[in-house]
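Next, two complexes with chain A in common: one pairs it with chain B, the other with chain C.
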Partner chain A sequence: MADTFTITVDGKPVEAHAGEMVLRAAQRAGVHIPTLCDDKRLEPAGACRACLVEIDGQRRLQPSCAWKVAPNQNIKTQETSKRVQRHQDVLVSLYMADHKLDDEGLPVETCNGNGLREWAQECQTLSLDPVEAPRAARPGDKNPYITFQPELCVLCARCTRYCDEVEAVNAITLTGRGSETTIGTAGMRGLLDTSCELCGGCIDTCPTGALVEQKAIEILPHQIERKVRTTCNYCGVGCQMDLNVAKVDGIEQVVRVTSPPPGETVNDGNLCIKGRFAYDFIHHKDRITEPMIRKPDGKLHGVSWDEALKFAAEGMKKVQQRHGPKALGFISSARCTGEENYLMSKVARAAFKTGNVHSCAAT
Partner chain B sequence: MQKTGADRERVLELLTEMGGVTEENVRKIAKLTRVSEAEIWGAGTFYHLINKPGRRMRVCNGLTCRLFGADDVIKKLRAQGKEVTEATCLGQCDRAPAALDEDMKVIDWARQERAVTPANDDLPLNLAGKQDFSFAALEAARKLKPDDIFKLLEESGLQGRGGAGFPAFIKWKGVAGQKDPVHYVVCNGDEAEPATFKDRETMLRRPDKLIEGMAIAACAVGAKEVYFYIRGEFNAEYESVKAALHKAPDSIQNLDWHFHRGHGAYICGEETAMLESMEGKRGMPRLKPPFPHEFGFRGKPTLINNVETFACVPYIIQHGGAKFKAHGRTEAGSKLYCISGHVNKPGVYELPLGATLDELVGVAGGYMGNPMAFSPGGASSGFLPIEKRNVPLDFKGLQKEGSMLGSAGVVVLNDTVDMAKAAQWQLEFFELESCGQCAPCRIGTRYLHNQVSKYLETGDPSALKHAKDVGWEMEEGSICGLGMVAAKPLENAMQYFPKAFEKR
Partner chain C sequence: MSNSIPEIRDLDFMLVIGSNTTEAHPIIGMEMKIARQRGARLIVADPRKIWLTEYADLHLQLKPGTDVWLINAMAKVIIDEDLVDKDFIKTHTEGWPELKANLAKFNLPEAEQATGLPAEVIRAAAIEYATTRKAAIYYTLGITEHAHGSDNIFSLANLVMMTGHLGVRHGGLNSLRGQNNVQGATDAGATPLYYTGFQSAEDPAVRAKFEKAWATDLPATIGLNLNAIMEGVKEGNVKALYVMGEDILISEPNTNHLEKGVKELEFLIHQDIFMNETTKYASVVFPAACFAEKDGVFTNTDRRVQRVRKAVNPPGNARPDCQILADFARASGYAMPDYKDAGEIYAEIASLAPRFAGISHERLDRTPMGIQWPCTSPEHEGTAYMHKDGPVKGKGTFVVTNFRPSVEMPNREYPFSLATGRVLYHYNSGTQTRRDSGTMDKVGECQIEVHEEDAAGLGLKDGDMVKIVSRRGGIKARVWISGRVQKGCVWMPLHFVDAAINKLTIDAGDPLAGTAEYKVCAVNLLPVKPGAERAERSELVESRPVLGA
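On to the complex of A and B.
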C-alpha cells in the first residue's frame, strides 16, 4: 500500500496516510466531525459514538476515530448522510437527558468549556425527559485542585485513559456498571489518598467540564482576555504553558494555567502539579520582588542586585578565609536550568575552590 | 504497573476468593499482582457477584420468574428479614420463580423435574442419553487433516449456537489460518440470556460431548491451551465438566485446560467482553474489527464457540456432515430449544432446527391458558404475537420477522400478561446489564425503562413519544449487540400490542 493515497469524504478527495484513522485525515482536511472521546495522545476508544460515519461496504455506522483509512474509501459524514445526522440528533439528545442543562435547555457552559454544548448547537435535538442516572461523586475528596462534577460527565473515559496511558499513574478508573458507571478511585477515596500526582491532565482532557480546577471554577472561557505563552520555570524541562489572564475585581490576573494543545510543544499538552496549579505566588501579597539585605537595624531592606551580590560575595569570602573552602556549600534550585546549574558549580569550584555543590533537583 | 499478563488475569478470581470488593482486599491484591488499586476496584465493581462483600440470597427477576411470582417471593423473604438481592435471569426458568441460597445453590421450591427430550441415540446431542467416555470422535478427528474437519463442519451447516448463527467452519478455518503460532480455544459457557438454560443442561448432562468437541477444535485449529468460561452462578455445571475431564483419556487431559468462572455480568456472554473479563478487566466489549479469530484472548487468534456448538461437533465427526444437517428442517441440524413461561412442562427439547412454536409447546406439555405472545430467543429477540406461531424457529426466518432465534430461549406469554409490564421487565434487565461504555445503550436503556415505567404509573402514552427515535439510535449507535437489541421488547410490544399502550 502506498504511504499516501486519496479517500473521499462527502464527495471530496482527502489525502490520507496509511495506518491513520479516518478522523485524523478528515480533521487535517478541515472536515468537521464531532467527537467527545478522542484525544491524540490516547488509543482510540470509539466509546462516545459521536464520530460515527457511513463507510461504503459497512452495514453499520463506524467510529471514524478507530477506523483505518484505505485507498478509495468513501466516507459520508453528517454533511451528506441523513442517517449520520439523525444518529447525531438522537445521540446528542440522549447525552443531554443525562447532563446538566442551562435555562435555554443547552448543556451548561463550564470554566473548562463544554464540547457537548457546542455539538448540541449543531443538531436538531429532541426534548427527552432527564434520566437522572445514579452517577456518584466523591463527596469526601478534600484535594484542593481537581473537582469532579458527575452531572456533567459523559463517561468518555478520556480522564481514566489519560491517567493510565499517558501518566501511568492509574489513580482513577471507571467504576460500577450501566447507568451507575462513574469515575472513581479505589475505595472512592479522595485523590490525596490515591496514587494521584495531581497533574491535572484529567481536567485538560475532559471534553465537558466534568473535571475542573476548583480554584477557577467561576471563570468561564469567554472571560479570559488573553493567554500568555511562557516557559514553566519550576524545573529545567522547558514545558510551555499558557497563563490565562482575566479581570478579577477590575484587576488583570492570572486565573489559571493551561497547557498548549498536544502536538504543539515539547510537553505535548501535559503539565505537572506545579506548572498547572502552583501559580498563586504570582499575585501573592508576600511575594518578594526585589533582593533584600538585613541591615544593622535587624530588618530586611530592599536593595539593588549589584549591592546584594556584592554583599553576599564578601560574606562568603570572609567565611572562606576564616574556615577554609570546605566550610562553604552551594545548593542550586530545582528551578534552575542546566546552564544555570553549570554556572553554579563553576562559582563553587573555580571561585571558592570547594566541591560542596548540589542541586535540589538531584534528590 | 502490570497491564496484562498472568497476574492481571488473577485479579477477579482473587476478589472472589477473598469475598468481594473491599478496600482491604483491593490493597492486598494490588500488592500481590502489582495491578493498580484503582484498576482492581474498577474491575471488581463491574461484576454483581463480587461488587460488594458478604453473602446473600438471590432471587431471579427474569421475565419467566416474574410471570410466576418472583416479586412476591422477594417481598416474603425480605419480610422474614433475609438479605435478598434481585438477580437478573439465573438460567433456571424451568423452575420459576428461581432463587439461589447464600452458597449459590439453587433452591428448589416446587421440586420441579428438569425436563428434557427423552433419550434417543439418533439425536446429535441426546441430553438424556448415557455419557460416553470412549471419545471415538476425537480419535477419528486426530486421524483427519484440519482441512477435512473444516470440510465436515461446512457440510454439516453447523451455525454457532450462542445466538448469532455464524457458520462454525468459517471461524475454525479463520483461526487455523492465522500466522501467529499461539492459538487458543475458548468455550463460552456464560449462559445468561434471559430464558435460556440449554448450555446449563448440556454441561450437566453431556459434558462428555462438550469436552470432546473442544478437544477436536483444539486439534483442528492447532491450540494447546483450552479455556472454559463458565457462568459464576453455575456451580454444579462447573463440577460436572470438571468431573468429566477427570474421566477423560490422556489425549484430552494432555491439553492445557483452564477454567474461568464468570463474576456476574450478562454482557460477558458477548465474546469480546468475555475476553476482557478473562484478562481480569471490566467486561466491556471491544470494538470490532479486529475479531477474536485474529485478535482474541491475550491478543492471539482465538476460537470462541458456545457450549452447544462444541457439543454438536463429535456427532458431525462420527456420522458425517450430511447426517447432522438432515436433523434440521429449514436450517441444518437439531437444536436445543429452551421453553418456559405459560407452558405446562418447561424444559430443554432437542428438535429439528426450524420447528414451530406449536411443535415445541406440544412436546412441552401444551399451553397454559390462552397464548397471546411469545419471545422466541431470549430478551434480545423482543416479542412476537401468537399469530406468528407458524414461523419456523430458525436463524433466518425469525430475522425476517425483525426478531431472532438468538439462544433459542422461548417464553410463552398468555393473555393474562400486560405487555407494557412485560416490556418494562425486559428493559429493566437491559438497563442493569448494560456495561455502561457507550451512551446509546447506557442512557438509552435507562431512558426507555424510565419512560415505560412513567407510562405504567400515569397511564399517559405521551411518555413514550420519543421511544421510537431512541430505539432507532440504540440499534444504530451502540458498540455491541446488547445495545442494538435492547429496545426490541418495547418496540415489538408497541407494534404488535398497541392496545396495551393506549391511555389508561
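On to the complex of A and C.
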C-alpha cells in the first residue's frame, strides 16, 4: 500500500497516511468532527462514540478516532450525513442527562472550558430526564492543585489513560461499576498519598472540565485576556507553556499555566508540577520592588533607579581603580535569558576589562 | 545534548547514568517512560535507587564515585567481544591505540570489586549497548559534579565513539542540563573561556572582532571561572562582585568559608527577584523582572533556542535584567547601545556568532518547536543531532582516563558518604518553589535518606532528627529510611535554606571544568536528643508522601 493516498470526506479529497486513523486525516484537512475521548498522545479508545462517521461499505457508524484510513475510502460526517447528525443529537442529549447543566440547559462552563457544551451547541438536543446516580468524589483529597468535579465527568478515561500511558504512574483509575463508575485512586486515597506526581496532565486532557486546577477555579475562559506562549523557567527541558493572563483586582496577573496543544512543541503538550503549578512566585508579596543601597547606618534603603545605578557604578569603578580589573567578579545566571547573559559578559569585558565572568551552576 | 528530546521515544536502548531524570528533568523522564512502554530497554546506573529505576530493566547500583570503573570496564568488554565500530574509529577518531592499551587494566573481576556490581551484569550491559543500533546515553550532575567529573564524561565519550553511536539520529551522548538556561548562558559568553558562540577568549582574532563590534579594548587574558572567583572571594583577591539572579551563599559549596569572604567584599551588587542570603551583604540591590515579565530566549538542553515572552508587568519599580545591565554599563562610562528590545540584542549576538547567525526573534516567533543550533543562516533549518558528518572538531579524540577516588573518602571519624541532589518538587535553592503552597505540601522539610542498617547502628528511627557534620560544618535534618540509598551512603536534597547543605560539601573543583564536587563528601551523623528538637510539620506533611511509591 502506498504511504500516502487520497480518501474522500464529505465529498472532498483528503490526503491520508497509511496506518493513521480517519480522524487524524480529517483534522489535518480542517474537517471538524466532535470528540471526547480522543487525545493524540493516547492509544485510540473508541469509547465515547462522539466521533462516529459513515463509512462506505460499513453497515454501522464507526469511530473515526479508531478506524484506519484505506485508499478510496468514502467518509461522511455530520455535515453530509443525516444519520450521523441524528446519532450525535441523541448521544449528546444522553450525556447531558448525566451532566451538570446551567440555567439555559447547557452543560456548565468551567475554568477549563467544556467540550460537551461546545458540542451540544452544534446539535439539536432533546430534553431527557436527568440520571439520578451521583458519581463519587474523593472527599478526603486535600491535594492543593487538582480538583475533581464528578458531576461533569463523561467517563471518557482520558485522564486515567494519560496517567497510565504518558505519565506512567497509574495514580488514578476508573473505579466502581455501572452508574457508579468514577475516577478513583487505590483505596480512594488523596492524590498526595498515591504515586501521583501532580503533573496535572489529567487537567490538561480532560475534555469537560471535570478535572480542573484548584487555584483559579472561578476564572472562566472568557475572562482570560490573553495566553502568552513562553518557555518554562525551571529545568533544562525547555517546555513550552501558555501563561494565562486575567485581571485580578484590576491588575493583570498570571492566573494559570496551560500547555500548548500536543504535537506543537518539544514537550508535546506535557508539563510537570513545576511548570504547570509553581507560578505563585510571580506575584508573591516578597518580590523586590525598589532599588536599594546600603547606607552608612548599615541598612538597605530604597532609592531611585538613577541613584542606585550611580552608586553601583561608582562602587565598582572604585574597586577597579584600587585593585585592578582582576579583583572584580561578574556572576551571571543560568536562570536569566541569553540576552542578559550576553550583556553580563559584555559589561564585564567591555565596561570593566575583566574576563572574570561566569554563570552560576555551569552544568 | 548531541541529540534531540523528540528522538527519545523511538530509541531501543537507553543508558541513564547519574541522572535522576524523572525528578530533575521530568518531561525527559516522561519521554523515557514512553520509550520504555514501547519496548525500549532502559539501564539506569546510579548509587541510589532513584525513581527511574522502577521503570528500568536493570539498575546498576554502583558504589558512589566509581563511574570510571564501570564505564571503562564496559569499554573493555566491548573490545574483548570484538564489538567496536572499526570504520567509525578509523575515519572519525584519533588516540585509539593508547585508549585500547589503557583499557586493558579495567578487567571485570576488579571492576566488580570497585563498583560492587556483578561482573556478568557489567558485561551484559556493555554487550547490549554495543549491539543495539538506536542506543543513547544520558547523564547529568550525578556524574559531572565530581572532582573527577571530566574523567567520567571522557570515559562515556570513549564508549560512544568506539561503538559508533555518534552522528546518527537516535544515539549520541546526551548531557541533561540542569537549569532552564545553563546551555544558553554559556552560549551567550557568560564564561571566561569563550565569547558568545564558543569563540575562544584566548584567540587574538576573536578578541579583535569583538573589540571592533564593542568599540573598546578587551582583556588580553582569560579570566577566572566560577570556582576560582569564589576561591578569590575567600582568599580576598576578588574584592567586588556583581551577582545576577543567584544566591551564591546557598548554591555554592562550602558556604561557611565563602560567607566570610563575602562579608569582607568591598562592594557587592545583587540583582534578583527575591531577597536571599546573598542580599544580606549587598551594597546595592537591583530589583529584577522574572521570566513572565520580560522578553528574550532560553536555550534548553537539546540546544533548542526558544522564546521567553512578556505576559505581565514587573512589580513596583522592578526592571528587566537587560535594561538594568545596559543602564549600569552606561552609568559606568561604557557606551552600551540603546537597545530598543531584547530582539535587537539577539540580533547583535547572531551577527557575532556564526553558530546562531540564522536565528532571530522574528524567526523564533514563527517556529513553535524552537530552533536547534548550529543554525548558520536564515535558510538553515537547525541541527537536530550533531556530528552528522563526523565529529564537529574533525576527529574525535579518545582520552585515556583512570580511576581516581573522590577527594574525600569516608573514614572512621566521618564514616558516611553524603551525596546531594534534587527532588521533583523543588528547584535548586528553592526561592521560587518554596514559596508555593502546593510544592511545600509534598516535601515540606529537609530529610536525609539513611540505610536501614546504618540507622539501626546509630539507634535512629524513621523521622528522628539528626545532626549531620562534615569537616566544614553541620546541619540538622530528619531521618528518612527510604530504602533508596546503599549502606554507608546518605543523601539529601539541595533545596532548603534552613538546612543549607552546601555548608557540608567540599569545594574541590574539577580541574578542567571548574565544577564543584557537590556529589560526594564524608560526614558523620549525630542523633539529636529527643525533646531538643520539636517536630513542626503541617497536617499534610504528616502523611509523608513516599516519593516514587
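Just so it is clear, the second predicted complex is superposed on the first by the 286 of 363 C-alpha atoms of A that agree within 3 Å, B and C clash if a C-alpha of one lies under 4 Å from a C-alpha of the other, contacts with A are read in each partner's own complex, and residues count from 1 in each chain.
Heads up, the rule we're going with is that contacts are C-beta pairs under 8 Å (C-beta built on N, C-alpha and C of every residue); 3 or more make two chains touch, one makes a residue touch a chain.
Just so it is clear, the model here is predicted, and its values are computed rather than measured.
Applying the stated contact rule after C-alpha superposition, one finds that A:168 touches each of chain B and chain C. After superposition on the shared chain, chain A has more residues touched by C, the comparison being chain B against chain C. After overlaying the two complexes on the shared chain, residue contacts for A:129 are found with chain B alone; chain C is out of touch.
Of the two partner chains, both chain B and chain C are touched by A:195.
By the touch criterion defined above, A:186 lies against chain B but remains apart from chain C after alignment on the C-alpha atoms of chain A. Legend: residue contacts after superposition of the two complexes on their common chain; A:28 is shown touching neither chain B nor chain C.
In the superposed pair of complexes, A:177 makes contact with chain B only, with no contact to chain C. In the superposition on chain A, contact of A:17 is made with neither chain B nor chain C. Taken together, the two complexes place residues 168, 194-195 of chain A in contact with chain B and also with chain C.
Interface residues of chain A, counted against chain C in their complex, comprise 142-145, 165-168, 192-195, 197-199, 226, 228-240, 243, 245, 252-254, 260, 264-268, 270-274, 277-284, 286-294, 300, 305, 308-313, 315-320, 322-323, 325-363.
For chain B in complex with chain A, the residues that touch the partner chain are 1, 23, 26-27, 30, 36-42, 45-48, 51, 265, 282, 287, 431-440, 442-447, 450-451, 454, 463, 466, 469-470, 472-473, 476-479.
On the side of chain A, the complex with chain B involves touching residues 44, 46-49, 52, 60-61, 63, 66, 83, 86-87, 90-91, 93-95, 97-98, 126, 128-129, 131-133, 154-155, 157, 160, 164, 168, 170-181, 184-187, 189, 194-195.
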